[in-house]
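Pasting the structures here.
There are two complexes below, and they share chain A, which is joined by chain B in the first and by chain C in the second.
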Partner chain A sequence: MAENTNIHENYKRKKNKEEMKQQVITFALMIVFTLIAFGMVMADLSKLFVIPVLLVLAAVQVGFQLYYFMHMSHKGHEMPALMIYSGAFVAFMTVLTLSVLIWW
Partner chain B sequence: MSTAVAQKKGFGAFIWDYLTTVDHKKIAHLYLVAGGLFFLVGGLEALLIRIQLIKPDNDFVSAGFYNELLTMHGTTMIFLAAMPLIFAIMNAVVPLQIGARDVAFPFLNSLGFWLFLFGGLILNCGWFLGGAPDAGWTAYAPLSTVSPGHGVDFYVLGLQISGAGTLIGGINFLVTIINMRAPGMTYMRMPLFTWTALVTSTLILFAFPALTVGLFLLMFDRLFGSGFFNASMGGNSVIWEHLFWIFGHPEVYILILPAFGVFSDVLSTFSKKRLFGYTAMVFATTLIGFLGFMVWAHHMFATGLGPAANSIFAIATMAIAVPTGIKIFNWLFTLWGGTITINSAMLWALGFIPSFTIGGTTGVMLAAAAADYQYHDTYFVVAHFHYVIVGGVVFGLFAAMHYWWPKMFGKVLNETLGQITFWTFFTGFHLTFFIQHFLGLMGMPRRYWTFLPGQHLETGNLVSSIGAFLMAIGAIVFVINVIYTSVKAPKVSGDPWDGRTLEWSIPSPPPHYNFKQTPLVRGLDPLWIEKMEGRKGITPAEPLDDIHMPNPSILPFIMSLGLFIAGFGFIYQVDNLSYLWLVILGMGITLGCMLTRSVKDDLGHHIHKEDLEKEGAEQ
Partner chain C sequence: MSDQTLNPETMPEQPERATLEGKNKFLGFWFFLGGETVLFASLFGTYLALRNSTNDGPGAEELFGLELVFVMTMLLLTSSLTSVYAMYHMKNNSFGKMQLWLGITVLLGLGFLGCELYEFYHYIHGEGFTLRSSAFGSAFYTLVGFHGGHVTFGLLWIIALMVRNAKRGLNLYNAPKFYIASLYWHFIDVVWVFIFTVVYLMGVI
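Right, the complex of A and B next:
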């Protein structure tokens, strides 16, 4: 029993360490992304290039936020994930259709 | 019933109990009473409409008043009658069906109710304050942005407040069903009513924000001089139509899905069979929910979206008929070979199948975009949506009330009166609306105040009006039944129908903690499984222990009252800026309540094991 808990403890500690490492890495990446974003705007690059890249960076950051800081990668988060994705999908489709129908 | 408790406790304590309750069963009573009263108001408006249309060139009501009646009838029936009555049934049944002691957020549950009620009151205040809303329940701009007086303002703020309540209620049920199921209650073991409640709550979560946004834009256009829907200021009135129907079409499925769930449970209980094609039913429910978001523009075929958009939306719309058809056949196969009991609840379910099928058929006809240019804005559309909403949603609510009344109040509704209600209402319904298909095809436009003589419209309208009175009689008999039952009928056991699902395993009405011990679910129709194995009740999943319950609170009521006051401030500050004080006062009350709620710990209370054991001995 005691040994069992020990193994468990060890596993947990290792897992925590792993997670901490990932969080630091994503945090650093997010800062880099932000710098890139500001840099691109200040460098006066073509709008056609900057806007899509900004959007992609933003999307990746949201993903980081959800998966690494809000623990969506953990077990038991399937339902929230499903809800978020279907919500995002519905919103995306709606906005897309609306803009196509109204401004075409 | 609760009246007995009231006499013991005194009237004031009884009222206070309901004002502060966070118990899902009592909130169900509140929704039932409030929704029922609004249903009667909406019905009265419908009767006045039908009296006006009983003969050509009638002037029973004025044209302006007719517009108000028509608008308020639609708005009331959808938002203030059908929605809350569905919430009443969901509150009464869902926690019991999943083996939970309460909902996930009892405080929010009560807040949802009070927001709905105060929103509904604002809407109806228009009648006494210079004119009710009169731009149709769809409130199309620019009619709604230029409609004089404050009528449409009551619509905007009333719906905004009650819509917030609905959104809160939907989120609460989502979390409840996902997180609070008893051990063993997997998704694929949930009763179909719980499944439909889950999908409906998801639809509420995704659809109501579109209405919220639309109403905000409309509010700014009307009250603060913006021009979102005003073409002369660079706005676009078609955006309102889109926003309204992005919400509006899912809304009709929000209403019908729980009714589907009711029929599934009722048909399976009274056929003594498990539901035929359970998996297919679940699949069809989610598919309908999903497709429901992709079809909104079928309400706008005649707006001029162009042939490409019209074709896409026409095909998407027709696709919904497929999962709906799956459901119809599964209900029929559930009946097939069953040991069928026919009583009031079952009659509503049996009457629903052909009635709703007619509504679905006309739906597919309307979905043919080219043909819809003819049907649109005629009585054909009126006939279609009443066939699906009355023949589907209202029949479903009646079935649910007859079926679950003993669970809610411990007494079975009188069977003779129940059958009288069914037959008068059913006959009246078909008399009223079947003929409207033909009136529509003959070219009678909807929402008109009068029609002319000599155009062959007289007989149809007369028949339609007669039918409306039959429906009114049916509704009145139901009210009599409720009163008669609560006074005269004897108490019944917890399981009067020989039920299959968890709610029938506990006493009627249930104790306020529902389950003394959380039940262990061993399959679909858990109670039936235990019965088949010769056991009396459900196997518990835990030993008897202390039960944690939430505390009652008056804050939800005061919060909603605050928004009610602020609503009037917003409406009247156009006339006189000093009304902004009402906004500040109202918002202050609401925000103050929110602050109180946040800083004050409310840990709930425990029911002790010893007390539970004592209660067990008494029974």
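Right, the complex of A and C next:
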């Protein structure tokens, strides 16, 4: 019995360690994305090209935060996903409305 | 609740959701984050609508310097990773290491806050750019200041948890509390990603 718990504990620790490794890789990618974003702005490229790329980079970074750092990729995150996506949907509508208000 | 149930020798796989209270905290907190998303969206929308209304005062392009924003971004991003480390040690039931990594997180957060205060001070006293200068000023300080307020609250929250539980050690009663504070900290970084993209980077293009 004691041995069993030990094996289980070791397995769990190993799994946690692997997850931690994944999160460090995620972090490295986020740093790279940030560097690309700042680099593109300093490089004085065309506005029409830079802005969409910046927004995509931001969206990917946020996805990394949510799914890896905030563990949304784990099981049992259906409700959190529902809540955050509903929030994101209303957020999108809010920003759209306020931007369109000043169109003319 | 006896000590045995709340103080297991090893942590279950998801200590933050091992008790009913933990489950409730977890769900309730994600609900709150959904609401926060909308709150920040309304401030972002306002900023986007008003950012060109500078009232002949300084605009985004003249004001913002990217060096400081880059440092702030790195500080906050790194503090996100250190709080992930804290949660890693929580799952392995090593309380001391968790406290250490949370402490590092707090220091990085304080560094971020210091930079932000310096930035605002510089704008107000160096450039004469205040909350009342223009609609752009109001929108800028409201959005970025609200984020700074969240950082301040997050720091106080984490410090309070660290101090309050310093002698208690880790158990299934306070594990959800630490977990949720770390979720909040990540969310602050999520908002910052959009601030440095939409306000600063898109401001100077």
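Just a few scattered comments:
Definition applied: the second predicted complex is superposed on the first by the 92 of 104 C-alpha atoms of A that agree within 3 Å, B and C clash if a C-alpha of one lies under 4 Å from a C-alpha of the other, contacts with A are read in each partner's own complex, and residues count from 1 in each chain.
Basically, a contact is a pair of C-beta atoms (placed from the backbone, for glycine too) under 8 Å apart; a residue touches a chain by one contact, two chains touch by 3 or more.
Note that the structure is a prediction, hence the values are computed from the model and not measured.
In the overlay built on the shared chain, the residue A:Lys12 is in contact with chain C alone; chain B does not reach it. Shared-chain residue A:Ile36: touches no atom of chain B or chain C.
Of the two partner chains, neither chain B nor chain C is touched by A:Val56. Judged by the touch definition given at the top, the superposed model places A:Phe92 against chain C, while chain B stays out of reach. Of the two partner chains placed around the shared chain by superposition, chain B and chain C are both touched by A:Met79.
Counted by residues of chain A touched, the larger count belongs to C, out of chain B and chain C.
In the superposed pair of complexes, A:Ile25 makes contact with neither chain B nor chain C.
When both complexes are overlaid on chain A, the residue A:Met70 reaches chain C alone and has no touch with chain B. With both structures placed on the common chain, the touch criterion links A:Leu101 to chain B and to chain C. Once both structures are placed on chain A, chain A residues 79, 83, 86-87, 90-91, 94, 97-98, 101-102 are touched by chain B and, in the other complex, by chain C. The touching residues of chain B, counted against chain A in their complex, run 174, 178, 202, 205-206, 210, 236, 238-239, 242, 246, 293-294, 297, 305, 309.
On the chain A side of its complex with chain B, the touching residues are 79, 83, 86-87, 90-91, 93-94, 97-98, 101-102. The residues of chain A lying in touch with chain C in their complex are 5, 9, 12-13, 16, 19-20, 23-24, 27, 30-31, 34, 37-38, 41-42, 47, 50-51, 54-55, 57-58, 61-62, 65-66, 69-70, 74, 76, 79-80, 83-84, 86-88, 90-92, 94-99, 101-102. Put simply, chain C touches chain A in their complex at residues 10, 13-14, 17, 26-27, 30-31, 33-38, 40-42, 44-46, 48-49, 66, 70, 73-74, 77, 80-81, 84-85, 88, 91-92, 183, 186-187, 189-190, 193-194, 196-198, 201-202, 204-205.
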